[in-house]
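The two complexes that follow have subunit A in common; it is paired with subunit B in the first and with subunit C in the second.
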Partner chain A sequence: MQHTATISRLKATGAPPRLSGFAQWADRHFKWLLVAPAVLLILALSVYPLLFSLVVSFINYDFQVPGHAFVGLKNFERVVFDPVARWSLLLTAWLSGISVAIEFVLGLLVALTMVRSFPGRGVIMSILIVPLFISPVIVGQAWTLLLQRPFGPTNYILTQLLGQEVTIGWMTESPWLYVSLIIADVWQWTPFMFVILLAGLTAIPPNLYEAAELDGVNAWQAFWAITLPHLAPMMLLALTFRLLDAIRMFDTIFIMTGGGPGTRTYTASYYLYTVGFTQFHLSQATAGSWLFLIFTALVVMLLVRRLLKTEPV
Partner chain B sequence: MNDHEKRDFQAGLEAEVDAFMRGETTRRTFITRFGQMTGMLAASGPILAMMTDWALAQQKLELADAASPLGQAQAAAMKASMEGPADGSAFRAVEAAKAHSGVTLNMTYEAGLQALDPRNFSGPMWEQLTGMKSNVVELSNPDQYSKAVAEHIAGSGAYDVLDISPAWTPSLANGGVIAPLDDYIAKYMNPADLEDYHPLYKALPTYKGKIWGFFDDGDMFALYYRKDIFEDPKMVEAYQAKFNAKLAPPKTWEEYAQIAQFITDQMAPNVYGAGHFRKAGSPGNQFDFLQQYRANGGKLFGDDMKAGLVSDAGVKTLQNMIAANAASIPGNNELDAVSLWAAFLTGKVAMIYSWPPSGRMAANYSQSATAINFIPQSQIAGKVGYAVVPGNPEHATGYNKALSADSANPEAAYLFMQWACSPPVSLARCMLPYALRDPYRISHFKSELYGALFPSAKEYLSNLNNSANVGLLDPIMPGAQDYFLSIDRMCTAVWAGADPKASLETAAAEWNETTDRLGVDSQKAFYTEFLKLPGATADNTVEKLGMAVTL
Partner chain C sequence: MAAVAPVRRPKRRSIPVGRILLLGFFLVFVLWPLYWMFNTSIKPSDDYLTVPPVWFPTAPTLVHYEAALFAYRGLDGLINSLIISLSATVLSALFGTLMAYSLARYNTGGQHLSFWVLSQRFLPPIGIVLPVFLIYRGVGLYDTHIGLIVAYTVFTLPVSVWMMFAYFRGMPKSMEEAALVDGCTRWEAFWRVAVPLAAPGIVAAAVFAFIACWTEFFFALILTSRTAFTLPTVFRAFIGFQGAQYGEAAALAIVSLVPSIALGVLAQRHLVRGLTLGAVRG
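Moving on to the complex of A and B:
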């Protein structure tokens, strides 16, 4: 009956003419024609540059040395045997690890605090997530203004609070320069952790807590037995996203320390930027980028595999 | 087809038929609209180009009050361009350029204040005179090199006039990125205008016997000090008592550190003896090390092109710099050039050495432009003295105007360069309060109009000229940025407590690696060319070559 009704309606509106061979072919493959421009665009904008960068990493592509001779693995060799490159990779792992760990703990604490409704919660949440919307360059500049001597007020405030003169070189003295970079990163990205973890917390069925309460479970036990297991996938998601972003740390370092003193605050991104765009050794920087990509891919694989395992089947 | 598939098919078919009957979008209308959109996109190109031309036409010629020294200099530039003298480079450039009316010149400028000159003054004035438009492409300093090279490799012809660091000239000339100007100069320029360049700057664009641009920014370091402190009877007396010497601007680097420490001891925390821009990546480290190192007798490279940094001169230089840092304002090692200016202008520091805008800012002249209002008002106007930096001051980079080899309008581009760098026009450009172009022609140093810009402007100009007489040039050779970067890393590592000798060794190893990468023989040839320039070493300054300019 339904088929008959449809055909009647088609007749009433005028049935489509019989299609030619080409039209039939076009009709069958129309979906491919539709996606073709997008696919070609993606190929042109991502795959081609990726392949080109692979070629560049095996040739001389240096703005100071004429010609593009094939140099084999020389560019990779330069990166691998560059002590600055090795240090920058180590620092990247160290800085991103510590920053993300602190952001995670703080983000979780804030999310646990904010999960229950209280007066002013909306306003406080809005204020808390503001740093997320600020460009990292501006964040770096703002912290520079706060910390840089002689104009930054930080040492003055600490002096007043501690009752003795504080003369910390926040951006030139170890370990304070690392502390400064971590503080700036934590300030900006803790809200990211908070938002994701809060979403996870609100998704936990409240009846579980009610049942636990009836069973006489205390808050700490409820956290370990209910909150943590249910929140684990979101935690891993937040950690994965944040870590992937943190290992590309560049902007705040560029503004706050300029990579110095010496090469002490060179992260992998800053190292690659310096080699490529200060020294103009583009092929070496490209080779370094590929090596960095491989390291990053390894981390991503590990985290994503772990993430997929936690997903309910 | 199972039941599930039948249901899906039925639902899909019905939905499609219903949509067709309602006159909603079909594939045909989709394709039609897609075609229309593509057509609109194609048409938007010319429309956007028209809008860009319109936007460019909105650039207005900003002229100062006609009675002011700057206004008079601008009027003189306009008059020289329109009325002559007929053999003047400005007039000849304008006359020849009229044949290119309607052409748009794409010119690179450092982003920010530097670009305001062609946007607000020279670009619109050139358009008024010749009908040629200018499109200012603002780039960061490193991009002024890398983009020029990248566009050359791409063969895009994106730029006509390039603002480049003199240190890049050999690389860009060898790479075919820039074109020599000799034929154009012979055809259009008054040779006397070339002779008007201070001898330190005249040869800067010359490489392998050809001229690859016009020098256009006299970035000479000079010492700016607080006269009121140096002339304070109590300070003079105390210094005499302590060192048995007159308190005066220092002549040696040891004396500099000593005076800085003395002032800090006497006046801190109100005033500190000195301040420097020592932040990593801020170029103060490289310029300061290079000037002191060479003044201390250090050689950049040996005969075998091995780095000469690990030497007594290298250690002495770093030790002097450490002593000066210790005598300086707290946070000295965190300052960049702008924050150092802020410290000096607010009266917290008694001595700085920096680029020429320091003098104009200290006199509160630069701050008359709103574009530069991020610099604090000077609290030390009228209290600042000028002196030559101890030993030999660094000519810290500067700019050349160069002709892009890929320009579609090379003659038009050249004529703009000749006009902009001609004596009357370049004078007016250097006098712009917001400009960072600094005097470089003998006629600039002698200019009565410039000398009337602020009360001590004549002394200021005289000091810049005297500094150029004994000034040292940055190394002009490929790899310069690599060598500079190594110095910056070395210095900042030392400021953070690293051993000077070990840091010199690390920097020397990096220099040697750079030299090996670029080719020892090739680098040696470049270095040999560089050593021929006046000001390449402390032994062949303009003064020691007998070419010193006296005003």
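Moving on to the complex of A and C:
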């Protein structure tokens, strides 16, 4: 307030505004002062912890073994040669790959039905996006209520539909427990694909389709010739974002199967969590999470960098 | 031209059976778990295991809500979630807006700084949370509100920064330039001119930050215990269903999802920007 008063007074006399020493300094370094709080926070709570965990992964930091001796690559070896670790990485790739593929196809199909406006479209839109605003923990809980024997109604409904007794242990029997986890993920994240792909579809100029129709092109050909190439950047974006989130899968597994039976549903995140927080081999867990981090960073470099360059601004 | 019109007309009027079936199926798929959860939350415990299942409870009851909120400390979790999510949202929107303005108007740090912030969004939380847990135990922030507020602020910053970055880039510079020519300092041009114009974007970014904090589980699971635990972590009590706690779990879920769904649906105009960190304009 004071400054504006000063400014208007000085402007009235025709002199350039004079500010105090601090204000001048602040004005000169304005752009760096603005980024400072966010950058300092990220440094303190993301970069520093990462460096700290790098240190931890080379020493002994185990609540069951006293002392912090330097152990070299031993922690990394333990992870790399742990069959459960390899299994969890493989399962992470499979589960996220299948879930994201189903979400993509289903999301695209639903988006195609919603492109043109029709009565009730707004209400349906509001309903379809609801899963995005629910905690994955609650999604896991909701599907547990539906699937778990004997309480869940799913087996009863299937029995009625198929005309024969269905007694599937959705949370305990392979392969059904994977089906359950994928269904929960598909339920929550298909709307993500749907929303982004719909935004891409509505951005395609409608006169392209009109021109195609005049040329006697059928709907299927129009999809391949117009929709797909125009939608491709958006598809890549949706797939990248979704895949990078899917490989973290943890919450629904924590609630629905607890990683079990045995270690059958350990994903990478769940494996590292149990190593660190139920077995308390913290240095082994940090070594493993660094390996997982490098793995993710490679994917980010490849996919996100490319996206930034083709990004429509 | 005239010959084309009769061909097009019947095509428009035909009923798209396939589309209606697909959309109908998907609507049922989305609504069914929500309905069953609500149904379970108001069902008396005696109706849990009947065959056929009780599709519509005839004697609805609120006992499960009472148990979930008090016996299972759901209310404490709700209050903690509100304190922590709101505080982190305010900090994230504030610091995010400051940084985004600098990135958008002064190109601070070039592409490297903005990409560095974005890359934070894609770090696997497990890699961060293990060392943060050790650090928090060392400095006494473990299981405190402040500890989780700081963690959530950092965890939502990439989204806030990128949403606001896109918003400022879409805003014309002319007003701020005029203010600078008139002798305003850069801070005044930002705070008095740009921020009021960007208010809708800031609100939208804040809504998505709030939803992210409200629904977050992993950080809260590891960084809190008996004091600063948030609502999603209360669900640990229902894992395995040692007793018959279906109703309590469902009731707590309903209580927890109402605020975030309400906010999300209200802000749905900004949803595409929120989901893509501003890369796509909705």
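We adopt the following convention: the second predicted complex is superposed on the first by the 267 of 313 C-alpha atoms of A that agree within 3 Å, B and C clash if a C-alpha of one lies under 4 Å from a C-alpha of the other, contacts with A are read in each partner's own complex, and residues count from 1 in each chain.
The rule is short, and it goes like this: a residue touches a chain if its C-beta (ideal position, glycine included) is under 8 Å from a C-beta of that chain, and two chains touch if they have at least 3 such contacts.
Worth saying up front: this structure is predicted, and the values here are computed from it rather than measured.
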{"item": "Partner chain(s) touched by A:Thr263 [first = subunit B, second = subunit C, both, neither]", "value": "first"}
{"item": "Partner chain in contact with A:Asp215 - subunit B first, subunit C second, else both or neither", "value": "neither"}
{"item": "Touched partner set for A:Met114, first subunit B, second subunit C, both or neither", "value": "second"}
{"item": "First (subunit B), second (subunit C), both or neither touched by A:Glu173", "value": "first"}
{"item": "Chain touching more of subunit A, residue-wise (subunit B, subunit C)", "value": "C"}
{"item": "Which superposed partner A:Phe30 touches (first subunit B, second subunit C, both, neither)", "value": "both"}
{"item": "Touching partner for A:Glu165 - first (subunit B), second (subunit C), both, neither", "value": "neither"}
{"item": "First, second, both or neither for A:Arg149, with subunit B first and subunit C second", "value": "first"}
{"item": "Contacts on subunit A seen with subunit B and repeated with subunit C across the two complexes", "value": "3, 10, 30, 148, 150-151, 258, 277"}
{"item": "Partner subunit C, residues of subunit A touching it in the complex", "value": "3-4, 7, 10-11, 16-17, 19, 23, 26-27, 30-32, 34-35, 37-39, 41-42, 44-46, 48-50, 52-53, 56, 61, 106, 109-110, 112-114, 124-139, 141-146, 148, 150-151, 153, 156, 187, 190-192, 195-196, 199-200, 213-214, 234, 237, 241, 244, 247-248, 250-251, 254-255, 258, 268-269, 272-273, 276-277, 282, 285-286, 289-290, 292-293, 296-297, 300, 304-305, 307-308, 311-313"}
{"item": "Touch list for subunit A against partner subunit B, complex", "value": "2-3, 6, 9-10, 13, 30, 63-66, 148-151, 167, 169-174, 257-264, 274, 277-281"}
{"item": "Residues of subunit C touching subunit A in the complex", "value": "4, 8, 16, 19, 22-23, 26-27, 29-34, 36-37, 40, 48-49, 51-53, 94-96, 98-99, 101-103, 105-106, 108-109, 111, 113, 115, 117-120, 122-128, 130-132, 134-135, 150-151, 153-154, 157, 161, 169, 182-188, 190, 211, 214-218, 221-222, 231-232, 235, 238-241, 246, 249-250, 253, 256-257, 260-261, 263-265, 268, 271-272, 275-276, 279-282"}
{"item": "Interface residues, subunit B side, partner subunit A - complex", "value": "10, 13-14, 17, 20-21, 27, 142-143, 145-146, 149-150, 171, 174-175, 279-282, 329-331, 333-334, 339, 342-343, 348, 478-479, 481-482, 485, 488-490, 492-493, 495-496, 498, 503, 517-519"}
